[in-house]
Amino acid sequence: MEPLFSIGPILAVLTPVAAVPVLISSKNENVREGWTFLAAGALFLMVVSMLPSILEGARLEFVIATLTPSLAIKLTVDALGMLFALVASFLWIVTSAYSIGYMRTLKEHSQTRYYSFFALSLFATIGVAFSGNFFTMYLFYELLSLATYPLVTHHQDKEARSSGRKYLFYILGSSIAFLIPAMLITYAYTGTLDFGSQGFMAGHGIPPKLLLLLLGMFIFGFAKCGIMPFHSWLPAAMVAPTPVSALLHAVAVVKVGVFCVIRVITGVFGTDFLSSLQYNSYLAYLAAFTILAASLIALSQDNLKRRLAFSTIGQLSYIILGAALLTRYSLTASMLHIAMHAFGKITLFFCAGAIFAASGIKNISRMVGIGKRMPWTMGAFLVGSLSVIGLPPAGGLISKWFLVLGTLESDQIFFLFVLLASSLLNAAYFLPIVYRAFFCSEEESQFENKVDEVPAWCLGPIMVTATASLILFFYPQPFLRLARQAVQTILGG
Amino acid sequence: MSQHYPALIIVVPLLAALAAAAAGWINKRYCFPIAVASLAASFVSSVFLLGRVIRVKEVIYEMAGWTAPIGIVYRVDALNGLVIVVVTAVALVNLIYSKSAIEEDFPDKMGTYYALYILFATGLAGMVVTGDAFNLYVLMEIASLTGYSLMGLRRDRATVSALNYLIVGTIGATFYLLGVGYIYIATGTLNMAEIASFMSQMSDSGSIRMAFVICLAGLFIKMAFFPLHGWLPNAYTYTPTASIGLIAPLTTKVTVYIMIRMALSVFTPEFSFKTIELSGAIVWLAIIGIVAGSCMALAQKNFKKMFTYIIVAEVGYMVGGFWLGNRAGISGSVLHIANDALMTLALFMAAGIFARKIKGEEISDMQGLFRKMPWTMAAFVLGGLSIIGVPPTCGFFSKWYLISGGIEAGNYYFVGALLFSSLINAVLFFRIFEVAYFEPFSESHGHDHSHGHEAVAVEEAPLGMLIPFYVVAISLVILGIFSGDLITKIIYFAIPAGIV
Amino acid sequence: MGEILDFIIAKSNYWSYVVLMMIGLYAMISRQNYVRKIIGMSIFQTAVILFYVSTAVKEKAVIPIIAHGHGEEANAAIEASQYINPLPHVLMLTAIVVGVATLGVALSLAIRVYQKYGTLEENEINDMIREQ
Amino acid sequence: MNWQIDLITLLLVIICGIGAISVKDLLGASILLGAYSFLMCVLWAVMGAVDVAFTEATVGAGVSTVICVAAVFQTTRRAKN
Amino acid sequence: MKKLGLLTVVVCGVLLLLKTAEFADWGDPNSPASRHLSPYFLENSIKDSAVPNVVTAVLADYRGFDTMFETTVILAAGLACFFILRVRKTEKPKSTYYRHVPTATTLRIIEGAVLPEQSKVFKRIDSVWVPFDLILATTCKAIIPFIQIFALYVIAHGHHSPGGGFQGGVVLGASIILMAISRNLGAAIAHLKEKTTVLMAMIGVFIYAGTGAFAALAGKNFLDYSTLATVLGVDEIMARSHGILIVETGVAIAVMAVMVWIYYNLSSAGKQDEGL
C-alpha cells in the first residue's frame, strides 16, 4: 500500500522541540511547567489524531530532506511506530505532572534545563518511533543519547560524572563503533535503507558470515536495548532524578533501544530472511541468557532503583526474545510488551521516587513498614509489580501470555522454561518488598509518623499509570490491535 | 553587473583593502565598515555566482578580455562555486565576530590589520576561483604573506612559530611553483583546462609525473598533511584570536581544494588515480595521519592546541577520502571542506571567547563554564558534536560519505581510522564538557595569567561575538540537514562523470 | 668527447638549478640560525627562477623585444623562433618580486624574534621556550 | 649562445650559494647573497632574459641585500656553529 | 636535524636530477614550451598593443591580472613589515648626537637639552656612530637625481626596452634608500614621510586596480584596456599601449613606496628614529 503524504508526523515530531525556546525564555516556573503540559498534551493529541487512519491500514509519510535519490530523512507512521508513539506521548503527560511534584518537593536546581532537555528527549523518541528508514532512525537515536546526557547527570556531582561517562561510553561508543559501519556496509551492499515489510537485506548477495556480523553489530550497536554484555550503563544511569529514570529508562531510552531492534529484525533483515538464515536463534539464546542473568542480579540489589533497573534489563530481553522467535504470537507479544511493560515499570519508578521524595530512603532493606505510611503509593507499587511479573489483573499478563504462545508456536520449549523461571524470579524480587511494606510489626517499622504520602502532583500520576495497568488487562484493545496490525503487515494474512 | 561576479569577488575586497589601510591613517572608525561591506559584497557575489553555476554548470571570466590560453581566465564550476561561498562566508562572519578583539589587540594598527585581513581573504578567494596555474601561485603567496603577519603578532612564541611557518610555507609554495614549471616545460601552457586537454597524450611523460609529485608534495606541506604537519600546531596555537578564526578554518581547506582541483581538473582523474600509482600510499598516509592526529590531540592539555591536532586529523579525512578515488569518497571530501571550515570556525570562535573571558587556555581552566556562560557553551557543544560526527550536525554527513567511500573502495583501514578518530573526538570533547559542566566554578581563574590586575569577571560573551558564533553553530545543523541537496545539486556536478 | 660536452651543455642549467635548490633546502632544514635559513630560502626561490628562465632559452634567438617594432616596418611578419620565449620571463618577474616580499616579511619576523629572545639560534630559542 | 660563460657563471653561482649559507659572519653571508644574486642576474642576461636580469639586479642584488644587511644590523652578526 | 636535512636533500636532489634527463635540451627551439603559447605573444604583441617589448606586453596586458596581484604582494609585504615591526611610542633615547657641520665634530647631549632641529650648523645624527664622509655624502647627493631620472626613463621606456614599472619603481626606491644610507634615516624620512609612502603605495595599487575596475564599469571585462579608447581618444591598440603605461606607472609608484617603507621599518626595527 502506497504511503499517504501527511504533515502529521513532522508536526508531531516538532511539537516538543517547539516548546524548548519557550521553556528557556520563561522566567516563571508556573509558566514553564504550563508550557510543558501544553506541549505534552498537544503531542498526545497529535499522535492520537493520526490513530484512526493508521487503524484503517494507511501509512503516513513525510520527507524532510533527500540526501541522495535513494536516501532520505523521512518520517513514516505505521502501526508499530504508532504503538510506541502512543505510549511515549501519553506517558510524557503523566511524567510531566510527576516531575513537577518531584522536582518541587526536592527543590532541584536547573529545572529549566531539565524541562528543556526532557522535551528534546521526547522529540528524539517520537522521531525514532516515526522514522521511515534506518538512517532517520539512527539520527534520532543518536540525538536521544545526547539529549538524555544532561538529564542523567543532572546532579552534576562526582557520581553523576562517572555515571555520565559510563552512559556515554556505552551508548555513543557502541553506536559509533558498531552502528555506523554496519549501516554503511548495509547501504553499500543494498543501496537503500528504507524499512520494508520483509526487510531489504535479502537478495543482495551479502555473504552469510557478514550478515551474522551485521546482525551482531546492529544489536550491540543499539546498546540502549540493554542486552548483555552491553547493559551496565543502565544501572549506572539510575543516578538521575527519578522522573528521568522513570520516563527515559523505563520508557523512552530503553524502549527506543528495543524498538530499534524490532525494526532491525522486521524492517531491515525481514522475518523470512532471518529465519531462513537461522541466526535468530543466536539472538534468542542471548536474550534468554540476559533474562535469567538480569533477574538473578536484580535479586541481589538492595537499592530499589538499581533493582528496578536490572528488572528492566530482563524485561527488555523479553521483547527481544519475542522478536527473535519470529512467530506471529511472539512478535505480537514483543510489540505489546513495549506498552505493557512501560505502564508497569513507570508505576514502579514513580513509586520509588515517591518513597525517596517523602522519606529520603533508597534501599529496600529500610522500607519495612512503609506501606502503612504511604498506602496509596505502595498499592500502586503492587499493581506495577503484578504487571511486570505477569500476574492478573494487570496488563503484563497479556503480553506474557502471547509470548508463551509464541514459544509454543515455535516449538522451542527451552524458552518457555526460561520465561517461567524468570517470572518466578520476578515475583521473588518484587513481592517481598510489598509484603514487608504492609505486613510488619510496629517495632519493625522503620518509619516515624511524620512520613506521609507524597503531594498530589506526585501521587496523581502514580494512580493514573497504575490504573492504566489495570485497565490494560481488561481492555488491551488499542495496543493489541496496533500490534496485530503491525504483525499482519510483516507476516501477511 | 552579473557577468562580473568572478571578478567582483576578488576586486571589491582588494580595493577595500587599500581603502581600509588608508583609512587607518586618516580615520580609524571607517576601517571596520569598509571591511565588512567589501567582504559582504564578496559573499553576496559568490552566492549569486553559485546560483548561476548551478544553472549553467560553468562560468568563465576572461581577465582583460583575453581568451583561455593567452590570458588568465577565472573558471567557476560547481566545485569551486561551493568552496568560494564557504571562504567568503567564513571571512565575513569571523570579521564581524572579531571586531572587539581587533580593537583590543591592535588599537594603533587597526587599519593595517583590516587591510591584511581582507587581503588574506582575497588571496584565498582568488586561489579558489582562478583557472590559471601560475596565477594560483601568486594568490597563494598573497594569502601566505598576509597570513604570516596576521599570525606573528601576539605573544612571544607567536613570532617564532610564524617564522617557522613562513619557512615551511615557502618551501611548500616554491615546490608548487616548481611543479607548475615542470608542467609548463612539458605542455607549454599554464591554463588548467588546456593542461588537462593535453594530458591524455602526456600521461607517460616523466616530467608530468614529476610535476604531479612535486605539486602534491608542495600542497601537502602547505596543508599540513601527516608527516609534514609539524609546523601547524605551534603556528595555530599562538595566533591572535581575530586571525585564527580566519586562518585555521580556511588555509588547510583551500589547500585541500587546490589538491582536488589539480588532481581532477589539471592532471585529470585518469592520470591521478590510474596512471600514477600513488593513491594507495596517500590513503595510507592519511590513515596514519588521522590516527596520529587524534592521539596527539588526546595528549594535549591546552584546548587550542588540541583543536589544532584535530585539524591535522581532519586534513587526513579529506585527503584520504579524496584519494579513495570513488564518487562517494570524493563527495565526502568536498563536503567536508565546507563542513570542516565551519566546524573549525565554531571551535576557534569558542576558543576566542574562552581566551578572552577566562584568560587561560588549559582545559582545566574551563571549570564551571556551563553555569557562567550557558549560551556560549551551548553553541560550543554544537560545534563539538559536529566534530565528533553526531547527527544531525554536518560533521556526521561528510563522515557518512567518507566512510561509505571507504567501504566502496574496500579500504576498511580507512573506515576504521575514521571511526577511531570519531571515538577519540568524543572522548576529547566530553572531557571538556565534563570539566565545564561538573566542576564548580573556581574564583581563582585568571589570577596567574592576567599579570596582576584583577581577574576579568567571567560572564557571557558580548552579543557582538555571540551572534556570529550562533550563526555559525546553527549553520552547522542547517548544513547538515541540507547536505543531501548540497550533494545532489552541487557536488555531484563537481566530480567528473567518469568517476563512479 | 664532443657528445659528452654537448650533453653537459644541454643539461648543465637544469643540474645546477637542482644543486642550488638543494643548497637552499639544506640551509632551511639544517641551519640553526634564522637569518641563514632565510638566506637559504632566498637561494631556494632563486633556483626555481633559474629553472624557469632556462626553459625559455632558444638557440640562435634574441631577446624578446621585437626589432623594428616601430613605424613602417612594424607590420613586417614576425618569426617567433627568432625570439626567446617571453612567457617564463614574465612569470619570473613576478616570482622575483614575491621572493623579495617574502624576504622582507621573514626578516622583520626575525628581528622581532631577536628582540624577544636575544638570539637567532633555533635550538637556543627552543630551549628558552621549554624552560618557561 | 656563449655556453662557456654560462658554465663558468653557473659554477660561480653555486660557489656563492654554498658560501652564503656556510660563512659564520651573517653580514658576510648577506653580501654573498648579494653576489649570488648579481651573478644570477649576469647568468640571465646571458640567457637573454633581460627583463628578469634587470629586475634581479635591482631587486635581488640591490634591495634584498640592503634589507638583509639592515636586518643583520638590527640583530646580530654572529651565527653559532 | 642535520642528518635528516641531508637525507631529504640528497633524496630530493637525486630524484630531481634523474628527471632532468626527460627535459628538452637547454636552448632547444622545439621544446613544447617554446612552440605552444609563446609564438602567439611574439607574433601578436605589436598587433594587439603596439608594444615591441613582448615581456612588457605579456606582463601588463595578457597576464595583467597576475601583475596586479604581484603589486599587491609587494603591498602586502609592506603592510606586513609595518604590522610586525612598527612601534609607535618609543621612549626618548637617553642621549642624542649632533654633528657640528663646519668642524665635523660630534656632540653628545644627555637628556633634556635639545639643539634646534632646523639649525644649519648642527645636524642630528644616529647614535650608532656614523663617520662623516664628505666625499660619500656629496657623491650620493649628486648622483641621486640622476638615479631618479634614470628610473623615470626605465618606467616610461618599458614599452621599447628592458624595464618597466617594477624595475623603475625599485630603482626609484633605491635612490631614497641610498639617501638614507649615505646620510641617515631621519634625512630620508624628512624627504619622504612614512605616511606619504603608505598613501603612495595605496594609490599605486589603486591606479592599477582602478584601471581594471574602470574597464569593468565601462562594460568590458576587468582590466580590458581597450575601453580606455574612448576616454583617451585613440584606437583600441593604442589604448592598450597607453593602458599599459598607466598601470606601469601605478606599479612603479607602489613598488617604490613599499621598498622605501620596508626599508624604513627594517633598518630601524620599527622605531624609525635611527637607521643603520
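The chains carry the letters A, B, C, D and E, assigned in the order they are written, with residues numbered from 1 in each.
As a convention for this text, contacts are C-beta pairs under 8 Å (C-beta built on N, C-alpha and C of every residue); 3 or more make two chains touch, one makes a residue touch a chain.
For clarity, every value in this text was computed on a predicted model and none was experimentally measured.
Think of each touching pair as a link: the shortest run of links from subunit C to subunit E has 1 of them.
Shared contact partners of subunit C and subunit D are E. Chain pairs D-E and A-B differ in how many C-beta pairs are in contact, and the one with more is A-B.
Chain centre most remote from that of subunit E: A (centre = mean of CA atoms).
Each chain gets a centre from the mean of its Cα atoms; the one farthest from the centre of subunit B is A. In terms of Cα centroid distance from the overall Cα mean, chain B ranks first.
For the pair subunit A and subunit B, the distance between C-alpha centroids works out to 43 Å. Subunit A and subunit D have CA centres that are 78 Å apart.
If you average the Cα atoms of subunit B and of subunit D, the two centres end up 37 Å apart. Averaged Cα coordinates give subunit B a centre that lies 29 Å from the centre of subunit C. Of all residues in subunit E, those that touch two or more other chains are 16, 21, 23, 27, 31, 33-34, 37-38, 41, 53, 55, 59, 63, 66, 70, 73, 76-77, 80-81, 84, 162, 166, 262, 266, 269.
Multi-chain contact residues of subunit D (touching two or more other chains): 1, 50-51, 55, 59, 63, 67, 70-71, 74. Counting partners per residue, subunit B has 134, 138, 141, 145, 148-149, 152, 159, 184-185, 190 as the residues that reach two or more other chains. Touching pairs of chains, sorted by label, consist of A-B, B-C, B-E, C-D, C-E, D-E.
The part of subunit D that touches subunit E in the complex is made up of residues 1, 50-51, 53-55, 58-59, 62-63, 66-67, 69-71, 73-74. Residues 134, 137-138, 141, 145, 148-149, 152, 156-157, 159-160, 162-163, 166-167, 170-171, 174, 177-178, 181, 184-185, 190 of subunit B are the ones touching subunit C in the complex.
Listing the residues of subunit E that touch subunit B in their complex gives 15-16, 19, 21-24, 31-38, 40-41, 61-66, 68-70, 72-73, 75-77, 79-84, 86, 88, 195, 198-199, 202, 205-206, 209-210, 212-213, 215-216, 220-226. The residues of subunit C lying in touch with subunit E in their complex are 9-15, 18-19, 21-22, 25-26, 29-30, 32, 54-61, 63-67, 69-70, 74, 78, 80-81, 83, 85-91, 93-94, 97-98, 100-102, 104-105, 107-109, 111-112, 115. Every residue of subunit E that touches subunit C in the complex is listed here, in rising order: 1-2, 4-6, 8-10, 12-13, 16-17, 20-21, 23, 25-29, 31, 33-34, 37-39, 41-43, 45-46, 50-55, 58-59, 63, 66-67, 70, 73-74, 76-78, 80-81, 84-85, 160-162, 166, 255, 262, 265-266, 269-270.
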